[in-house]
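What follows is a set of structures for review.
Two complexes come next, and they have one chain in common, subunit A, joined by subunit B in the first and subunit C in the second.
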Partner chain A sequence: MNNRVSRCAMFVTPTNPRFIDKAWTRGGDVYILDIEDSIAPAEKQRCRTLIRESIEKANKGGASIYVRINKPFVDADLPYAVWPGVDRIMLPKTESAADLRHAHEIILRLEKERGIPPNSIELSPMIESALGTMNIYELLTATPRKIYSQGGAGGYDMSVDLGIEMFADFDQYTFPVAYVALAAMSLDIEATGGVFIPNTSGRVDQSDQAAKQAAAFHAAHIHHAGALHPAFIQPLISGLTPTAEEVAWANKVVDAFDQLTDAGEAVGRLDGKVIDKYEYKLAKRTLDWAAACAAKDAYKARALSRAQAA
Partner chain B sequence: MTTQTMPSGADGSPLAGEKLTPKYIRRSLLALSIDDPQLAQKAFASWADAVILDAAKRPDRNWQEDLKARMPAAIHAAARGGAEVFVRIERDTAVAELDATIFAGLSGVVLKGATGPDDVVTVSRRLSALEVARGIAGGSLEIDVEVNTPGAVWHSLEIARASPRFGVFLINEAELCRNLGMQASPTLDFDPLEYIKSQLITVATSVGGQALGMSYPLSLTEENANDDAVAKAVRRARDTGFKGAVCPHASWIKFCNEGFRPSSEEAAYYVKVIEVFAEGIKRGMASVPIDGKMIDVPVDVRAKLYLKWANRAQERDDEKARAHAKPGA
Partner chain C sequence: MNPRRSWMIVPAHDPDAVARCQEHKPDVVVLDLEYSVPPKSKEAARAGLADAVKKLGEAQVDAFVRVERDTRWADVRAAMHRGLKGIVFPGPDAPEEVSDLGNHIAAMEKERGLDPGIVELVLMLESAKGFWNAAAIAQASPRVTALGVGRIDLTMQLGPLPQDEFRLYRFLMTRTLVAARMLGQQPLGALWRPGSRGGEATKAGTAKAAREARLMGFTGCVCATAEQVAPVNEGFAPA
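On to the complex of A and B.
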């Protein structure tokens, strides 16, 4: 499933056929089936019952599938969310290790009941409050399940918790973003970080905004981003994929450093730039990420062909 | 915030589990010396939400007895315009200062120079004893921490969690800069304390408290600034997450009182948000746009919280107005 590549994870509402039925045609790496904030309280139960069929609809184009459940309804949501084909459960507003352990135990039971390999579904604590931020390390180490660290950034819920307006023209989340990302990195856990890009309009449907975001993330070697509107999908996917020039440069760096190593040297120069073990590691990471993106794109292309032929 | 803990409406009382945002309406704080012969007039005329009393220890006499004799009147004088009153104490002499300054009428203390949670625990224990001894409701006195040392920043989470009395971080940026080995200068093109401010706001919020501070460069500017600059700085401070500021110039107070709360324009927008979202919910949609902005549950929750915040700020202003209108005030 190549779940690791999530250049654009887009939220879709299973209750809206206009969104869920077309999702597979839009080319997203990941679709997040939402039972949480985009679903009205009166629609929650109907939404739960639509998750299983929505997995089949949304992943026809090769996308990975996440399900975002409701923090107050973990027990009610998970039996409708844990199915073969689901790659990750997103647990919003996580604030304590107990929140995470509770969800983990229910998922584990459901995995066993439904023939899913135990602990194969990832769990993603969404950090959307100051308390969740300060407890991040204990959350990330709370369960044996593979964890992906999500958030700590300037989301809507975090702004509510901090009592600040969204869409200021400066970075309001300097500490929480860095703190959450650092905790994850110290544990070798993949994380969504963030680079502040002003969006004073608050619009979520502008592709030029997505392109700016992708460029900033890419420069910071952040590979993952989310979207609320299809206009974000292609700019994020193309912007977060290494370019041919970057791949060519990375290959040159690796070759040059290998030659240095063979010559018993640790530092050299390539086209006027210093090459050392750090540059080498960075180049290897670029190549690794480029290969993962290529594999994901090929997987999606094959899935799309099959779906279109069907 | 979840659908289950959503407030019932902008004018309703908080539901169980709902946090007040912000916890305190403490937009403007003015520091005054109890030796100031014009203490009462300055506090009254300022319209500050809170007054911090500084009590100098006079070396030429028994300073504790001296302060004990003068504090009750100073507290009364500072509160005349409806302000909450705090007394500032130093970490190194905290217990002795508490014994000399804690009297009925105080909302709490501002602890300066703390470097770790033990300092807060020490103060909290002494306050408990003094509350009993001086007829003050048990647990009512708050501990606010003036952050001016690297230790206070590093241990901010432990400090905030050290006592349920913890309420607020006040950032003394000039002293913190100096204690970090930096010049407290407003001439840089970036805020050298940006990360620390964000940390203290996050930590304070995580325990249900709040942080007070001003945005750069006014946070490090000794001279006063023009009205427009102060108003803009207050707005930026609010957007950073601060809920008020200590005002080195009394002229800042009205801008803090007006700026550290949702404006009437914002309140009108949030009324629209609530209406549009409620219409969406009726149609079974929990995500509806206004001018391209997505309105969903957290946006709706914030709209309701902000209207409550605006109402609480107005109530605080009304409270101070009543204090000013009292006969003999």
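On to the complex of A and C.
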């Protein structure tokens, strides 16, 4: 439901009751149940067995649910990760088309066994290495499953693989970010990531950083962001939702362009600004995104009041 | 060959603009059948091309015609007259589109009695598909003499970044530059910034965009308005 709206996808650890039990009260669009980096090796098996019950806990507030599995344990993780209620599987450190096909085939088998419509669970290859970056096009076209391209925008693993210091005050991911984004855009695949915000603090829990990030993403027309800390949820959600002023302007642009078209014109002016087919498309996109956000927020509000009443 | 720094867009349906375009001293005149022509004036624009191309050709002006992607077959047909230097094709997505258009131009050269291969093809990349395939697209026809960056902030909806640049813009410019240089084609583009681009750009903003593009390796760009010709010529002049 409203899965395309993920203004804030927040990682939670199923093994920590403090996080998983409260997640639904925090208003995230998406919770990512993590079996990967936030889970110690000795805890992996216990974490796997907690995924199924964690889905129902984390989605009580209307959030979508993703599961992040481990690159070395794809075969072992997926039988614990593919359940009704899971919207997307995140596949870290994806490097090749073969990686993606392997995961896709296991998911397909599990979907059939568990009464989930085939190919309904999305797959998100996370690009976190040099090899994954260079293979991006072939891996995005490797399966018939709906794909979201994720990564290339820095992160710990990418930085380690490339030998980059990630807490620097300048953008050193320009090539991998752009290369991955261009491949995804050329295939009409939605991609996350893309705007570099300097962060030399070494910390990921500062909510003023979240507001800054949201403003930069919003300006750049990027709708999706991830979070490691709950303090990021509200700033990201409000910052990535079109404002009332933006919606009002978009409506004016659409009306003005419709009038232009009726008059046989292609370019006009509105309040001193150029109105043309490009502005029209952008305005339509703003309205479409605003409607999707409103639907998601309404869905979450209904789910939340049901959960609170229970 | 004369330098081709400024490629001035001239709405082909506007006889006055066409008649006076040389006053601004553009290196190249681009008679437009695309963005600057309202749908209701498209036929008039096409009808005026034979005369405009002939006159510009006689005046030794490099005259190109920018076609519209969706109507490019009929637009090329309307443009192919003696005096035409080339066709500007905005927004190619795939190599086959370029080779097909090249073949269409060849057929028209024959039909109109023009020398085979005389009409150039200039490609302005405007889509993610086009940029992904840039090198293959640019070598899909031997007629291609220039490869450019179109109004990608608009066509690809690339929003501004905190550092006053459009998202992905430098990468896409450089990708275009490498493909063009590899093939011996002219790289066209300017480092337009949010708030100073297209018809909105100030003279100073235009000069800066051109100067920065020259430093990046580009040698010319499209001028959306006549006022941009002088700052573009200046910006692309060697220091």
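Everything below uses one rule, namely that the second predicted complex is superposed on the first by the 310 of 310 C-alpha atoms of A that agree within 3 Å, B and C clash if a C-alpha of one lies under 4 Å from a C-alpha of the other, contacts with A are read in each partner's own complex, and residues count from 1 in each chain.
We take it that a contact is a pair of C-beta atoms (placed from the backbone, for glycine too) under 8 Å apart; a residue touches a chain by one contact, two chains touch by 3 or more.
What you are looking at is a predicted structure, and each value in this text was computed from that prediction instead of being measured.
Of the two partner chains placed by the overlay, only subunit C lies in contact with A:183; subunit B stays clear of it. After overlaying the two complexes on the shared chain, residue contacts for A:265 are found with subunit C alone; subunit B is out of touch. Look at A:228: by the touch rule set out above, it reaches subunit B but stays clear of subunit C.
In the superposed model, A:255 lies in contact with neither subunit B nor subunit C. Applying the stated contact rule after C-alpha superposition, one finds that A:72 touches subunit B and leaves subunit C untouched. Using the contact criterion defined above for the overlaid structures, shared-chain residue A:21 touches neither subunit B nor subunit C, since it reaches no partner. With both complexes placed on chain A, subunit A has more residues touched by B than by the other of subunit B and subunit C. Looking at the shared chain after the overlay, A:274 reaches subunit C, while subunit B stays out of its contact range.
In the superposition on chain A, contact of A:219 is made with subunit C only, not with subunit B.
Once the two complexes are laid over each other on the shared chain, residue contacts for A:53 go to neither subunit B nor subunit C. Residue overlap on subunit A between its contacts with subunit B in one complex and with subunit C in the other: 174-175, 178-179.
Taken in their complex, subunit A has these residues touching subunit B: 13, 15, 36-43, 70-72, 93, 129-131, 133-134, 155-157, 159-165, 168, 170, 172-176, 178-179, 201-205, 228.
Of all residues in subunit B, those touching subunit A in their complex are 1-5, 21-22, 157, 194-195, 198-199, 201-207, 210, 236, 238-241, 243, 266, 280-281, 284-287, 292-294, 296-299, 301-302, 305, 309.
Interface residues of subunit A, counted against subunit C in their complex, comprise 137, 174-175, 178-179, 181-183, 185-186, 194-197, 216, 219-222, 263-267, 274, 276, 278-279, 281-282, 285. Across the interface of their complex, subunit A is touched by residues 35-41, 127-129, 131-133, 151, 154-162, 167-168, 170-172, 175, 198-200 of subunit C.
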